[in-house]
Amino acid sequence: MWLYFLKRVLLGILIVVVAVSLLYSMIHMVPGDPVKTILGPRASPELQAQIRDKMGLNDPLPVQIVKFIGRVAQGDLGEDVFKRKSVNTIVFEQLPHTIYLVLAGIGWAMLVGIPLGCLSAIYRYSIIDRIAGILSVSCIAIPTFVVALYSVLLFAVTLKWLPAIGAGDGESLGSYISHLILPAFAVGLGWVGYLARLVRASMLEVMGEAHVRTARAFGLPERTIVFKYVLRLAILPTITLVGMGIGILLSSAVFTEIVFARPGIGRLIYDAVTSRNYPVVMGSVLVTTVLFVISTTIADLVNALVDPRLRPEK
Amino acid sequence: MATENVLEISKLNVGFATERGMLKALRDVDLSIPVGSIVGVVGESGCGKSTMINAIIGLLAHNARVSSGSIVFEGSDLLQKSERELRDIRGTRISMVFQDPMVSLNPVLSIGTQMIDIQYRDAISKAQKRARSIEMLNRVGIPDPESRLNNYPHQFSGGMRQRIAIAMALQAEPALLIADEPTTALDATLEVQIIHRLRDLQHSMGCSILFISHHLGVIAELCDYVVVMYGGEVVERGTVRDIFHRPAHPYTCKLLECDPARIVETTRSLPTIPGEIPDLANLPRGCIFADRCDRKIDICSEVAPSTSELAGHHWTRCHLAAAEPTA
Amino acid sequence: MSDTTTRLDTTQLPGNWQNFRRALKRVLREPLGALGLTLVVFVLVSAIGADWFSSHEPNKIDIKSKLQPPSAEHILGTDQLGRDIYSRVLVGGQIALKVSLVSIGIALVIGLSLGLIAGFGPRWLDNSLMLLFDSVRSFPTVMFALAVVTLFGPSLNTVMIVVIVTQIPIYGRMVRSQTLALRDAEFILAERALGAGFFRIIGMHMLPNVIGPLLILASMDIPFVITIEAGLSFLGMGVRPPTPSWGTILNDGYSYIYNTPWPVIAGGIPVILTTLGFTFLGESLRDVFDPKLRKEI
Amino acid sequence: MKPLLELKDLRVRFRSRSSLSALINGDRDPFVDAVNSVSLQIGEGETYGLVGESGSGKTTLARSIIGLVKPQEGSIRYDGTEIIGMPSSQMKKFRGIVGTMFQDPVGSLSPRMTIRSLLAEPFKIHGMTGRDLGQEVNRLLEMVGLNRDFGSRHPHQLSGGQARRVGVARALALNPKLIIADEPTAGLDVSVQGEILNLLDKLQAELGISILVITHNLNVVRHITDRMGIMYFGRIVEQGPTSTMFDQPSHPYTLALLSANPEPDPDAVIDRLELQGEVPSLLNRPPGCEFHPRCPFVEDNCKSTFPEITQLSDDHSYRCHHPRHVE
């Protein structure tokens, strides 16, 4: 058990290291001087020299990567060369907003999607299943930013029920939450569909397996069969998908934060890209990548806890 | 008819609605299981064995239609019962052991959980249920049952899993145990172990067993009565000696002839039954076996034979037997 | 009836013309499949014939008639520069489809080759390719896209590169797992026992069994790629103005959302219809070919 | 009789755990022997039966002969030529002159090809496109008794018996001198089983080929083989002429296997040697004789000393300290 945990965590770290190296190497794939790419062509030669030195761009690439990973491992994401502010401070100021958004989004998607999927599977091929199917596929099909735009149009502009812009006044929790509702709705909607479809498909698959027939042959109540014997197995791929979902929702958060003018890491990257503030882009992409890897790793570990077959024998 | 039957199927007809039309999977099936006996069912693939079992325990596929007949179990017709009533019978009065022990247990629940779950109807404490499970595992020959109760199915070998399946099936002391090819997936030396264990348990618990197998040797060794099925019909049934020593239906004769184990002199040329089972969605007019029968007479391809009794407890569905009854 | 063993059922997958026609029939029998197919055909036709169907020059500015609601002259109204939104939507669809088909096509070819190499190659190669795939997959797509845009500048090509790079691991992983499952299948062993060489096994026996599920997966990715293109263009990181894209139409509309809702509605609906069409079609294709979901006798 | 195929001290090892976890667990030998010092000979025109339960290594042995699995040590000689370490171009040629049949009749046919193209495969692989392939395919279909209409079908449209015939035709396409048949009757009904065995026998008589049959079915082995070997835990524990092996088995395991074969006669009196327990895992190789934990006749030296091969007669040998034929 512990060996599996250790292996999985090591793999996660390895993935982050490779991902960071890839990201870092990308700078060197750009034709021309990376410093010019980063700072833009109009930066003064002194600034360029200073940055080149600071970023260690005079070392060979592998050395640079090792140094960079070393710094990141110590929790140092570098410095914003324009504002002369630590990237750590900038990123971690914005990060909580995005995390709340993503958790709220995946949270409501799970609360609605998983029961919807169960319902579809239990009453398969019925009218309930058909309606749930159309609803979920439609949810999947509509892109997040279109959902965001339309919900602004409907709930904020036309009906004026909920605030459209910002994350609240920062004073009261109620205001923060009311500003969170529409963005969370927008990022989560597609995932309601994904989860419902996946839960339905894997429940149907498990229901066709021989051991469910055994449970039926012993006259177990349908409730026990569905919620204990079937769901326990059918939920395994869902756990993996939720782990991936947290990472994918980080992507959707970019659109949502821009449409709703919310603070957050998506907005931060967007602003940094438009002002070509490379260290901040790099730092935020890195942090989100680590978040992604952490969530998939946790999902795998939870899977191992639920599924005894993944536990190695003593 | 003095003996009392725990299960009696009469004139059972089951069909499946398919794209090609109605597939008549069971036609006028008769079968009875006397109390305390072991009844074997033999037949090749597509003979309707599985459909019959599913009909008994009420777990037919959604597109199945029971058009007529009755399945009387302990005095009442199972086909007239509601889903709820059937569920109360399954696992208490009738239980099952399935073919493939590798997939017939839930892989993410421990053996203990599954054995305790199936006792959900009993108003006893969990500790008592646990104790009963341990005793049952002991009886089927699982070493160290107390600690193995916490193990998961994948931690057992195939033979052990089949023992566990038997323990679960017999735990509630059912009146009827249905065993669907329980040893097919096992090796010969394990097969013998399981069969002996099953017979010992049957003796001590006094239940009846419906034993499905394509292995004639196992049937001969274990069963009291034998039912021979072909293409969805019961073509012959009788005591184990009737079937093996005095087979009446040409199909039974052929089936016995084909078994290389019954051929004493070694031979390089083994008997076969040429031809195939007719399409069950598009049945021939006469006898279902007529195409492949080497003793066919004119009437066989015109009229479907009805069941005739040859002697006490020995029935066959063949024109030849009806014409010239053998004593 | 129930004692048929479960084996990898690849025979149901599209491969020859007969199967294709049977599949088409089954897709059309399902209402959602028929709807999906209709939408997809509709979108394809309107994208291919965009030049004929458009009523105005898509980039022609006419400030006098800016932000008009739909009318006989402008079926979907006009934007803040008075450009005809209907014509822009048509041309935008052409671009969206071109991006998604080209980039998915390239990603498919590369993913397929890498997946086969990983599945058939030595353990160390398999492990390193998987590590690479997992690493690339661990970038949140949009974050990765933005990082690429900062380096290479916003353009249609950048969008395609991002799509290709992020899709390769998905196809590669799937091909690899299929290959691993097939590698020890008895029919592959049987071919090897006959003396068949590496390339014959890959080309004649592996590929036909791997390509079906892969194409279905890819067809379900088209809406995703369209979303990425529209999304990046919406952020101003994709297609450069004045070239129309569904994303830029939405972005322009969003700036004037308090003045008029029409541009946002007109820019969003084609995105929704296209993604709905491809998703419905992909779902029903998968239902038709996935034997696991068809368990009834 | 001149041996066509000769195996000597063949050993096949598999890695049981990755090098990393072997390192962590301090396991110095992360390998298991699936096949262990196996020697056997097959003469020209002879049929040799290799019998064993699941996991005994019989399938691995068959696969190592055609180079699908790489043996660790030993030698495999075909017609006097060493096969192990053959360059791949020669191995390809060798595979052409040895016909192989795999267990699953349908699953061993490439699912998307038609029967016609499946039958043309052997010729295409070995570059024999010069002859009229259509005619060759027709010849093969006729040889195994299949109608030409089958040529346009796909494997999943065939029954098990028909698919098996296609397998036989493919194995015989290039006029091999040796056929390796892994469970040729697995999954087939008794009535069809005979057809396949008769077909093989007929072809053997006509073409004078040698056959290596791998099976767990003793009844089949008794009828169709000249000599047989019993495998347990990767070793051949006893081999000899089939009739001698059935009449006077020496090894207790042979005895147990023979008696574990239930006779299809309800009145048969079987003096049964029932084994306890199951085959141990390859990871926990018992010391001494590998059969000793299950052997009813175990004595002290069995637990410590590994039995060498004893030659009972010219062609009958066994590995046992206390053979049964003495009594």
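In order of appearance the chains are A, B, C and D, and numbering begins at 1 in each one.
Heads up, the rule we're going with is that contacts are C-beta pairs under 8 Å (C-beta built on N, C-alpha and C of every residue); 3 or more make two chains touch, one makes a residue touch a chain.
Everything numeric here is computed off the predicted structure, so don't read it as measured data.
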Problem set entry | Target chain B, source chain A, minimum contact steps | 1
For this session: Looking across all chain pairs, point out the one with the most C-beta pairs in contact.
Result: A-C
Exercise. In whole angstrom, how far does the Cα centroid of chain A sit from the Cα centroid of chain C?
Worked result: 21
Exercise. Between chain B and chain C, what's the gap in Å when you average each chain's C-alpha atoms?
Worked result: 51
Problem set entry | Interchain centroid distance [CA atoms averaged], chain C/chain D, Å | 49
For this session: Flag every residue of chain D that touches chain B in the complex, lowest number first.
Result: 53-54, 159, 189-195, 197-198, 201, 216, 218-220, 222-224, 242-243, 256-257, 260-268, 270, 272, 274-276, 278-279
Problem set entry | Residues of chain A touching chain B in the complex | 209-221, 224, 228-229, 232-233, 306-309, 313
For this session: Please name which positions on chain C make contact with chain D in the complex.
Result: 5, 7, 9-11, 15, 185-197, 200, 204-205, 208-209
Seminar exercise, completed: In their shared complex, chain A is touched by residues of chain B numbered 57, 59, 86-92, 95-96, 98, 100, 103-110, 117-118, 120, 152, 154-155, 165, 168
Exercise. If you look only at chain B, which of its residues touch chain D in the complex?
Worked result: 44-45, 157, 159-160, 187-193, 195-196, 214-221, 240-241, 244-245, 254-256, 258-263, 266-274, 276
